[in-house]
Amino acid sequence: MKIERIGVLTSGGDCQGMNACLYNIVKMACENNLQVYGFLNGYKGLINNQYRLLDINSVYNIMHLGGTILGTSRCDEFLTDVGQQKAVKTLKDNKVNALIVIGGDGSYKGVLCLIKKGIKCIAIPATIDNDLFYTSKSLGFDTAVNNAVIAIESIKQTMRSHNRCCVIEIMGRNCGDLTLNSAVASNSDIVVIKEKPTNVSEIVKQVKNCIKRNILSPTVIVAENQFDIKKLASTIQQKAKIETKSQVLGYIQRGGEPSVNDRIIAMQMGVRAVELIMNGIFNKAIGYKNDEIFEITVEQALKVTRDFNYKLLDLFIKLN
Amino acid sequence: MKIERIGVLTSGGDCQGMNACLYNIVKMACENNLQVYGFLNGYKGLINNQYRLLDINSVYNIMHLGGTILGTSRCDEFLTDVGQQKAVKTLKDNKVNALIVIGGDGSYKGVLCLIKKGIKCIAIPATIDNDLFYTSKSLGFDTAVNNAVIAIESIKQTMRSHNRCCVIEIMGRNCGDLTLNSAVASNSDIVVIKEKPTNVSEIVKQVKNCIKRNILSPTVIVAENQFDIKKLASTIQQKAKIETKSQVLGYIQRGGEPSVNDRIIAMQMGVRAVELIMNGIFNKAIGYKNDEIFEITVEQALKVTRDFNYKLLDLFIKLN
Amino acid sequence: MKIERIGVLTSGGDCQGMNACLYNIVKMACENNLQVYGFLNGYKGLINNQYRLLDINSVYNIMHLGGTILGTSRCDEFLTDVGQQKAVKTLKDNKVNALIVIGGDGSYKGVLCLIKKGIKCIAIPATIDNDLFYTSKSLGFDTAVNNAVIAIESIKQTMRSHNRCCVIEIMGRNCGDLTLNSAVASNSDIVVIKEKPTNVSEIVKQVKNCIKRNILSPTVIVAENQFDIKKLASTIQQKAKIETKSQVLGYIQRGGEPSVNDRIIAMQMGVRAVELIMNGIFNKAIGYKNDEIFEITVEQALKVTRDFNYKLLDLFIKLN
Amino acid sequence: MKIERIGVLTSGGDCQGMNACLYNIVKMACENNLQVYGFLNGYKGLINNQYRLLDINSVYNIMHLGGTILGTSRCDEFLTDVGQQKAVKTLKDNKVNALIVIGGDGSYKGVLCLIKKGIKCIAIPATIDNDLFYTSKSLGFDTAVNNAVIAIESIKQTMRSHNRCCVIEIMGRNCGDLTLNSAVASNSDIVVIKEKPTNVSEIVKQVKNCIKRNILSPTVIVAENQFDIKKLASTIQQKAKIETKSQVLGYIQRGGEPSVNDRIIAMQMGVRAVELIMNGIFNKAIGYKNDEIFEITVEQALKVTRDFNYKLLDLFIKLN
């Protein structure tokens, strides 16, 4: 069967580079006379048959935009068989021969469901959490760390002026990568991540150690879902006898222009996705490892387990 | 009496431009053979006789730094007569003939106390809250608004990708200037400030109006101390039937490099402070109005009341 | 005559804040049921009858963009009577009752020609050169200085690493404001502007003085059209015996997101323009002075002569 | 022999991440009771016995600074045997047991000379040109591309407002990496690099093709040393009948805060250098490949030849 029309959607948490990827998918598809349907708001658009025809004009000048012009969502209905059947129907009714999904691990599980129902899919990794373990780079991660580091450095300037300790919460769901990289690159003092379990009294001890070593304004970088950072700050203040403030970095990690790195992998992955489809190769997850783009099956991709960068963590601990 | 040695301190909340101001004070003083003692951590340094001799090398390359290299604090002991007497003693013991204080309204009250005890003072306005009403510009305000706007725009990108409403809390203590200017410049939809009292159901109504007018991702900018924004977000979500997130911008408003505006007034005000001292003119608060640097007595400065920019607020409301 | 349709165009050198101004003009016009025709590429669009209907959707999300979505140009044909007659015809044929022109002094002269031919006009000042002397703020100037300062600071970092002197050329046509403000805020050492004539041997002397005072990497900020900076750098290198590089900052001063200041005056001026038209007041140039928006006739505006900030220049010289 | 004192210097063109690397070398050395002598201005400091003792205080808060606090240079005297002998004498006289050199390929050749004279060395790759081919990452490259892309995007905004073509010159000496990556990430239209020889009439043809495909403001990204871009712009303007401007990006590519990527490899490489020395392993060049830090001999490092990313170039050409 000749592919004439492909679909694309962005799903799960939005991240920087999604638009750059969309742009390059559409550009590559148009060069090769493929039509592109952009389904809206993730899997919801598949279920409800909502899409935009994406030609080169509709993606003009989006490469540098954060977020996703297609919209995205976490879609409960798509977790059901009924929802998936609606999605399959939408694709068949619209004669969309293949679907590119840009998203994180939840979105990849959705791709697997569609594959099982006979849909030809390609998955592109996009998550600031960096929790797709088969690939060493995912869209959004590099930008999110850069955003976090700029914010942490701003916060450190004011904290230092008051000799305050600061506890800063970083995103990442269940993965410590964003937190660890932000801590290293911002030259912070203490890092708290799931991958190295700790407790409040241990953290207090580390803060006290900082003060002993004449670090009068220690910075504690904490992954989300580990501690209530307001309480943690209050305990540090009481126990380590240092004024302590807390700050949740929040959504500024997710927005803003994509970094060069995220733009370039967005381009490479988007083009590869279209090439695979044109060559009749499907059901692949695209990844980046050893300075190269590669692909494995989506099933394999989801089976790769943790490969946490303990070396970097050890370096950080050794130096702090 | 010939002035040979001056003191300088930064007090209250730190802000961008304090270092630029210190730099120019020291530069101007050195050109005129005045020695500069930089007292540490605001009025605390006066009470505890802690200072650094500031020569041109010690302020080299600080002009662009956020925060304050002298440190700052809010100092309770200085509110007492005993504390103030210690401060006076420090200045006399060190033969510091005049003192420049860079800070906000709390710091200005401290200046008034010192003046009453016979100390020759000059005050320079520095507050991201913009709540010194005698001057149309204070160090830090322009930078803080620019920081807030960049952050709000990042957040809006991700909110729009999910068709979410977002409630963002802005600093400003009791003054709505930072909030209003951030809302205008970020093209947000709803502004909540003390200067125009409102309530939750009114805000919900405004969000609903946005949705009616096809604004699918409304942004609500709220001044601190007005509402619990988590609860506000939750109420909006429930009543206006739109997914709603909240974010406290926090300390990123306070840090980072000073804007050009803040650097230039820092320079002009710092130099003017030294000139006044050299000309035997004391007990003045420096300000900026009608495109000019000026000075009035500190007492007068503190008496100027509110001159809120209702015109700008009305414009914002008219357009949204 | 009731106004029902207004025209708007951007003319001359583009600058930051033009889009923010367009956005607010359209928003205000739509709120008041006025139709807006956006003429393309400055006065060329008037002559050739090229325009876009601007509704709220067509300006959605442009507030933060540099450049101008309408395009701009310097248009020779409009300098002729024939050109102006074509422009008038276009406006009459399209029943455009009033025209808002956003631009610099060349564009203002064009406005005057149209007024003389009976067209109802409002002019909004937009120029990074800051050479409309009736107003203390023009769209683009604040952003351009901020851009220049960030670039100069980057350049200084690398020059200092090599103990090099650097000569940096700044825009501004015949006006030294952009150069002087950039020099002050970047804490540079020497400024060369038309408003204070100098010559090569004087500049060399100043560089030598810097080196004597232990400034091993002096920065010379030069307004365009003053010297061939390559030759100047080469002469400095030879005569002052210091490795010297030159750099033209160029177009990066002109692009990028508008600063908060430029956005807020863009909004205030755009709204005021529409209000004036609605109130039947025409042939005004909008300005900003003494912390207020105001208007005078375009004729008066063009007659205001130089009011260069010699105070700031003197401060700079005194400190360097 | 037990190592007790190490030397470090930065050499050649400065780049972002040098300071971050110095910081981590000193931190790691101090943790392990090694003294660090920082030689000034590259190999000049070795020849002239100029150094600073680097303890933790002297590198406090430099991690985020562009340039190098040690200074750097290109040093002709070091190319001579006499110069090298002076350098060796300095190291021996000061009992510096091992030397870390941070620099590009010229600096690596210097390392080789020192090794031949019996000095124990470690080399760390630092060059925005990316022309050390044994490593996939060098300090400075990631930041330089990001800087270039931000500048190009600013320039494109103003060019588009005038429907102008723009020719932008990028650094890179003899290597097209910085140019190609900047062109891809800024979504430019035409790239001119040594690795794919072209000529003026070919470039003019490409510009004409852009215009045919309705790209009214084409951007041409040209590596330095390929063409006189002023003349190129003038030829394009004449032959392709489109107003054309040229801009040399220059030193802004080199300055500014290091990106997260550059900070993290700076840390990893700096620490690895100290570890190697402590383990008695010398004469290695540290590199990054396949997501890992590694080392090979300096001799091998210099022998690795070109591995240009033709895949990325082909992608760019295919899409444009």
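Order of writing sets the labels: A, B, C and D. Residues in every chain begin at 1.
Assume a residue touches a chain if its C-beta (ideal position, glycine included) is under 8 Å from a C-beta of that chain, and two chains touch if they have at least 3 such contacts.
Predicted model only: the values in this text are computed from it and were never measured.
S.K.: Check every other chain and keep only those touching both chain C and chain D; list them.
M.R.: Output, common partners of chain C and chain D: nil, no chain qualifies.
S.K.: Only C-alpha atoms count here: how many degrees separate chain A from chain D in terms of the superposing rotation, rounded to the nearest 5?
M.R.: C-alpha superposition angle, chain A on chain D: 180 degrees.
S.K.: Are the interface residues of chain A and chain B largely the same numbers on each copy, more than half shared, or largely different?
M.R.: Mostly same residues: over half of the interface numbers shared.
S.K.: So how far apart, in whole Å, are chain A and chain D when each is placed at the average of its C-alpha atoms?
M.R.: 29
S.K.: Between chain A and chain C, tell me the centre distance in angstrom, where each centre is the average of that chain's C-alpha atoms.
M.R.: So the centre of chain A lies 40 Å away from the centre of chain C.
S.K.: How many Å are there between the centre of chain A and the centre of chain B, using C-alpha atoms for each centre?
M.R.: Chain A and chain B have C-alpha centres separated by 36 Å.
S.K.: Going by the touch rule set out above, which residues of chain D reach two or more other chains?
M.R.: Chain D, residues with two or more chain partners: 153.
S.K.: Which label fits the chain touch graph of this model best, line, ring, star, complete or other?
M.R.: Shape of the chain contacts: a ring, since each chain touches exactly two and the loop closes.
S.K.: Where do chains touch, given as pairs?
M.R.: A-B, A-D, B-C, C-D
S.K.: Could you please specify the touching residues of chain D with respect to chain C in the complex?
M.R.: Contact set of chain D toward chain C: 10, 14, 41, 65-68, 71-73, 147, 151, 153-163, 166, 245, 247-248, 250-252, 254-256.
S.K.: Which residues of chain C touch chain B in their complex?
M.R.: 23-24, 27-28, 31, 63-64, 136, 142, 145-146, 149, 153, 181-182, 184-185, 187, 259-261, 263-264, 267-268, 271, 289-291, 312, 315, 318-319
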